[in-house]
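We just call them A, B, C and D in the order they show up, numbering each chain from 1.
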Amino acid sequence: MSSTLGQIFKISTWGESHGVGVGVNIDGCPPLLEITQEDIQKELDRRRPGQSDIVTPRKEGDVCEILSGVFEGKTLGSPIGILVRNQDQRPSSYTEMKDKYRPSHADYTYDAKYGIRAWHGGGRASARETISRVAAAAVAKKVIDSICPGIEVIAYVKSIKHLQANVDPNTVKFDDVESNIVRTGDPAMVEPMIDLIKQVRGEGNSVGGVVECVIRNCPAGLGAPVFDKLEAELAKAMMSIPATKGFEIGSGFDGTQLTGAEHNDYFYMEDDKVRTKTNNSGGIQGGISNGENIIFRVAFKPTATIMTEQPTIDTDHKETELKGRGRHDACVLPRAVPMVEAMSYLILVDHILRQRAQMGSV
Amino acid sequence: MSSTLGQIFKISTWGESHGVGVGVNIDGCPPLLEITQEDIQKELDRRRPGQSDIVTPRKEGDVCEILSGVFEGKTLGSPIGILVRNQDQRPSSYTEMKDKYRPSHADYTYDAKYGIRAWHGGGRASARETISRVAAAAVAKKVIDSICPGIEVIAYVKSIKHLQANVDPNTVKFDDVESNIVRTGDPAMVEPMIDLIKQVRGEGNSVGGVVECVIRNCPAGLGAPVFDKLEAELAKAMMSIPATKGFEIGSGFDGTQLTGAEHNDYFYMEDDKVRTKTNNSGGIQGGISNGENIIFRVAFKPTATIMTEQPTIDTDHKETELKGRGRHDACVLPRAVPMVEAMSYLILVDHILRQRAQMGSV
Amino acid sequence: MSSTLGQIFKISTWGESHGVGVGVNIDGCPPLLEITQEDIQKELDRRRPGQSDIVTPRKEGDVCEILSGVFEGKTLGSPIGILVRNQDQRPSSYTEMKDKYRPSHADYTYDAKYGIRAWHGGGRASARETISRVAAAAVAKKVIDSICPGIEVIAYVKSIKHLQANVDPNTVKFDDVESNIVRTGDPAMVEPMIDLIKQVRGEGNSVGGVVECVIRNCPAGLGAPVFDKLEAELAKAMMSIPATKGFEIGSGFDGTQLTGAEHNDYFYMEDDKVRTKTNNSGGIQGGISNGENIIFRVAFKPTATIMTEQPTIDTDHKETELKGRGRHDACVLPRAVPMVEAMSYLILVDHILRQRAQMGSV
Amino acid sequence: MSSTLGQIFKISTWGESHGVGVGVNIDGCPPLLEITQEDIQKELDRRRPGQSDIVTPRKEGDVCEILSGVFEGKTLGSPIGILVRNQDQRPSSYTEMKDKYRPSHADYTYDAKYGIRAWHGGGRASARETISRVAAAAVAKKVIDSICPGIEVIAYVKSIKHLQANVDPNTVKFDDVESNIVRTGDPAMVEPMIDLIKQVRGEGNSVGGVVECVIRNCPAGLGAPVFDKLEAELAKAMMSIPATKGFEIGSGFDGTQLTGAEHNDYFYMEDDKVRTKTNNSGGIQGGISNGENIIFRVAFKPTATIMTEQPTIDTDHKETELKGRGRHDACVLPRAVPMVEAMSYLILVDHILRQRAQMGSV
């Protein structure tokens, strides 16, 4: 029951990194939306390994197949099954992991929980699992566009280690981000960030960073008290992405340095639209969107797989050493950008449909 | 459907700040646990206004009544309804809010969503709603103690504005925190924090801060891939508490400044127990607890209600000004501590029961 | 988690027959609906004991109190808590049940499941629990009326033991049913049914029967493949009412005596409306309403509590005898009618809101 | 959200009859169970068309592929995806259905609900959808066997039209049922039933009937008040199977002809086991299993597809005629038997895991 997300646009995912494949079933999608395999493939290609020379060179084609729910190019309203078969598997790269727990990976905890673990390449804990999310989000985006045209979700690399990008979330364009392989919105930071990634990779090391995401043109009224506040749902969604360590919205942790008089967002009218002069709230108040841009940040730790010898234990609980093998990202941030967007779409679509259920319109 | 939390230990809450009362229904609680009204009351008293001279002086008795599910002092296994009637209401303090939107409150967004709003005191968006959570958590704690005795959940004020407490999460004691009215674990910070709160209150202003929480003696194996990772569930739970702006676990946002070699938590054996030399993971790996202390932090913004004139708009969307009235906390942090603990218990209990369902034991 | 019903209009109930009270929390109700305590009370009075001389003479006032979610006479969109306190309890009538299991009651199974049982009067297994359903349904009816005005739900006693009422579900009127204390739609059967109930009651015995229910003016399109077919949801809802033993829709069990050529409902046009010449489908095809009247029947067993000495066992598993005490219905059918209607409303409202979520309108 | 079933052992299904395939994702399955493709295939073969000369001659191989969740022959505890690709499709048989609504099928209601319909062969409303259920149930059976060894679920044809089988649910053996192609437990009825099916098929007509099911050796304590009573869950599960019109448990509708004194099941001790002298309750009291055999019946209407010209309307709402084509069962009962068993397993497994969650053991 833990691979299920959403109340109305309900997705259920499956798949290990080295089994037959990964996939998703989407239950509750509205009918009559035009969707093709290409619509989904396009998003998967943004997430895919091997897309540039700063990400893992694994050659995963990640070709998706729509199994059901689409007929003559349109959604039927019945469940949409999507399957991506695994390819380019090299379980031999993982032989050592059969008996040794990789530090800061899920090897030990999976064994502790389940008493069994698909040690060929990370199993369910592999980032490969996020294919299902990205595929489902491609469908979610179609739904959102049909009900709330104009909503934009743009994520970008805000920082890699100490390198801070200077990006205005209110004006950054999708193409600005997508035009560079590190997926930052700050042209001045593209080269330094690429250089840093290559440098740590050369050292067999890794780095992390922060992805910032903005949701623009979101109507006021999405999200719901008390447990399903929009920021709470986004927080869960983001913290479910592998390697995340933190989530903050609006002023975030830095907001604790302000007084209430400094922090409060004062309302005013801009033409006929209710606006706030500042946006420390990050576009959400009382768990409900207020029509301002929704802005949040997600911290990703440095990749756990590094190419140096590290102390660890084996499955018999003997102390030993382990050196990373296989083809891994020295920095997950560029590929995390579409994951953050995907999870945003999945939360938005569910709350848009919930709004329609309870209020009759969005 | 947004006031419901949990898959097995499922709680459903209700209540506005100035209606008849607030409450909770707990569905799925194991039977035969000893529980009394006093067990719940004790926790409510920690959350209650008026408990010290740095929190709001409202005199809410917050007396709970167990409506069902307990028979001759023991849980029946059937739903446990709990009601706390509202008292000491002064709706006259809120008259102005009927027509004006308080900045950085939920007044505007509730109107935008629902087209109606209980303007007497915050309605469903009032922190009074958290009574239901604290009451349910008192029951959750009983369940946890019966299945996993030894689990400790201790939250404390880590910072108020710029004042940072120095607390070791591995050794801090509940009584250390509870012994001071600001609920910090650092004796040296008690007076400075109290002074700061009193100062900003005197200025009609407010401050925020960070609550840190540690869960000790948690067995390995709790939490579940992929969406219901333990940190994801905690993140949602914490970000659903009013006034929260950020959540981080383990190394959190600062962890992005480390390389993988620095960040990885190396396994070793301590007697027969699997341990990690560092705990940047914050006790959770791959969404599953690893037996180390679970450590996370939650950012609370400065209280939105301040006693100075602020620009805003009215319900007719005319620009106007508004001055806070009523009796409010100039700093919610001391009262937020039991809320953070409560939400931790609610997530833990559900995952303990889920573990028992899937694995047969915890 | 078993006292929760509905995906969007989600209700969570609590309460034992001899505790503080019974109640319900309704999460997901649309805002801005006018609702008063009287609207709910009116429905509770139809369910209440003591309403006529053929039902139990217990004097339960069953006065409901709205705890939340309604402000100045309108729903807020936030959870609606409703509480009915218990009255006129005579636990002494149940003293013997503390140690002896009543035949065909839930005493033994509750002990087998939970290891504890509220023996004062049936606890959670008491029909008193249905108060929560009827109260929630009164709210559901308001929602339905606001979205699909014209929908009528009329249940009536179709048979008591061998006495069969002759009622046309397509034309029967609510007032026809409500005008007689046995709640049948056949005037010719009122006296015979009353006489039969009084006769078996005089013998310390009991009888059961069948309630038929018709839902008229239901729009085509409600219900959803594959597990949440409208008839499947209705079946669960009805079979969750205490004392039910069977559910059938349209042609039901008798339909198995027909051939396909006889059973098929042929489509034709009546003015602009799609109609079927027969209605063996009972208004639902493929799990989705087709616009014809939805007609189903629910079997209720004879009341288990009878006033004669019966063999049974005690809690120590020794064989013994037990004679029913207390004030019970010799026939639950008249009071079951509003319960069947209530469960119909609860299923309908949820599917109407689900339809609105997925399709945008109903 | 309507293709999802279960609280803990949660299945999510997809697939139309003439798309790529049908399948299921099982979320929440315990780890370490041995399961192979053959275990699932064996059950699918019992449901499959073409298995005998009284069922549809369609040659659907129904070969299943396990996509995930099983590693080296054992369940991982992560989601188990299963896919069965469609074969032997003849959409040309369905060309006429593109524009005409088949009587008593779901063609019209799908159009009314979704505004679109996969008219190639029934789409989501095809009985082909039940493949997903049978596959999931094969896994459920493994879970049940590991926790509650000894539980037997045996369904059999109780009647076809007027032909009534004489079967003792307390002693009937699985092999008795499986040994004849009509799947009745009464040897004397095998030939008459086969003859009747062949006769109506020869006439281009169809027949329905009743499947009875017994669950033996079920421990006391499964099922839960108030909405998720075990019989309520079974009722929903059965009424979600295509072509079902009724469900009854224990004494069922006939039980309404008895008085309470006749209907009550008196407890007695048989050695150390609590027993009841009769079993009008059908093994469930107060929604909870009592340890007696659980016995229920499900009514299936005569197959809607018949080979004679029938009046109907087209998608433009003009009156027209339609003759069934394609290869269909003249009687679904023999193939319904494994579907009834499958749904029983799916309800049982979920309640067994729920019991383990709440009580710690079953």
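One rule holds in what follows: contacts are C-beta pairs under 8 Å (C-beta built on N, C-alpha and C of every residue); 3 or more make two chains touch, one makes a residue touch a chain.
Small disclaimer: the values here were computed from a predicted structure and weren't measured.
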Listing by label each chain that touches subunit B and subunit D gives A, C
Comparing contact pairs by residue number, the option in C-D, A-B or A-C matching B-D for over half of them is A-C
Chain-centre distance (mean CA atoms) for subunit C and subunit D, in whole Å, is 26
Subunit A and subunit D have mean C-alpha positions lying a whole-number Å distance apart equal to 39
Multi-partner residues in subunit A (2 or more other chains touched) are 1-4, 7-8, 13, 28, 31, 77-78, 113-114, 124, 225, 354, 359
Within their complex, subunit C touches subunit B through residues 1-4, 6-8, 10, 12-16, 19-23, 25, 27-28, 31-32, 65-71, 74-81, 83, 113-118, 123-124
Listed in rising order, the residues of subunit B that touch subunit D in the complex are 7-8, 28-31, 77-78, 147, 225, 353-354, 356-361
Listed in rising order, subunit A residues that touch subunit B in their complex are 1-5, 7, 13, 101, 103-106, 108-110, 112-114, 124-125, 129, 159-162, 200, 205-210, 220-222, 224-229, 231-240, 242, 244-253, 255-269, 272, 274, 276-277, 280-282, 284-291, 297, 299-306, 308, 310-313, 317-319, 354-355, 359
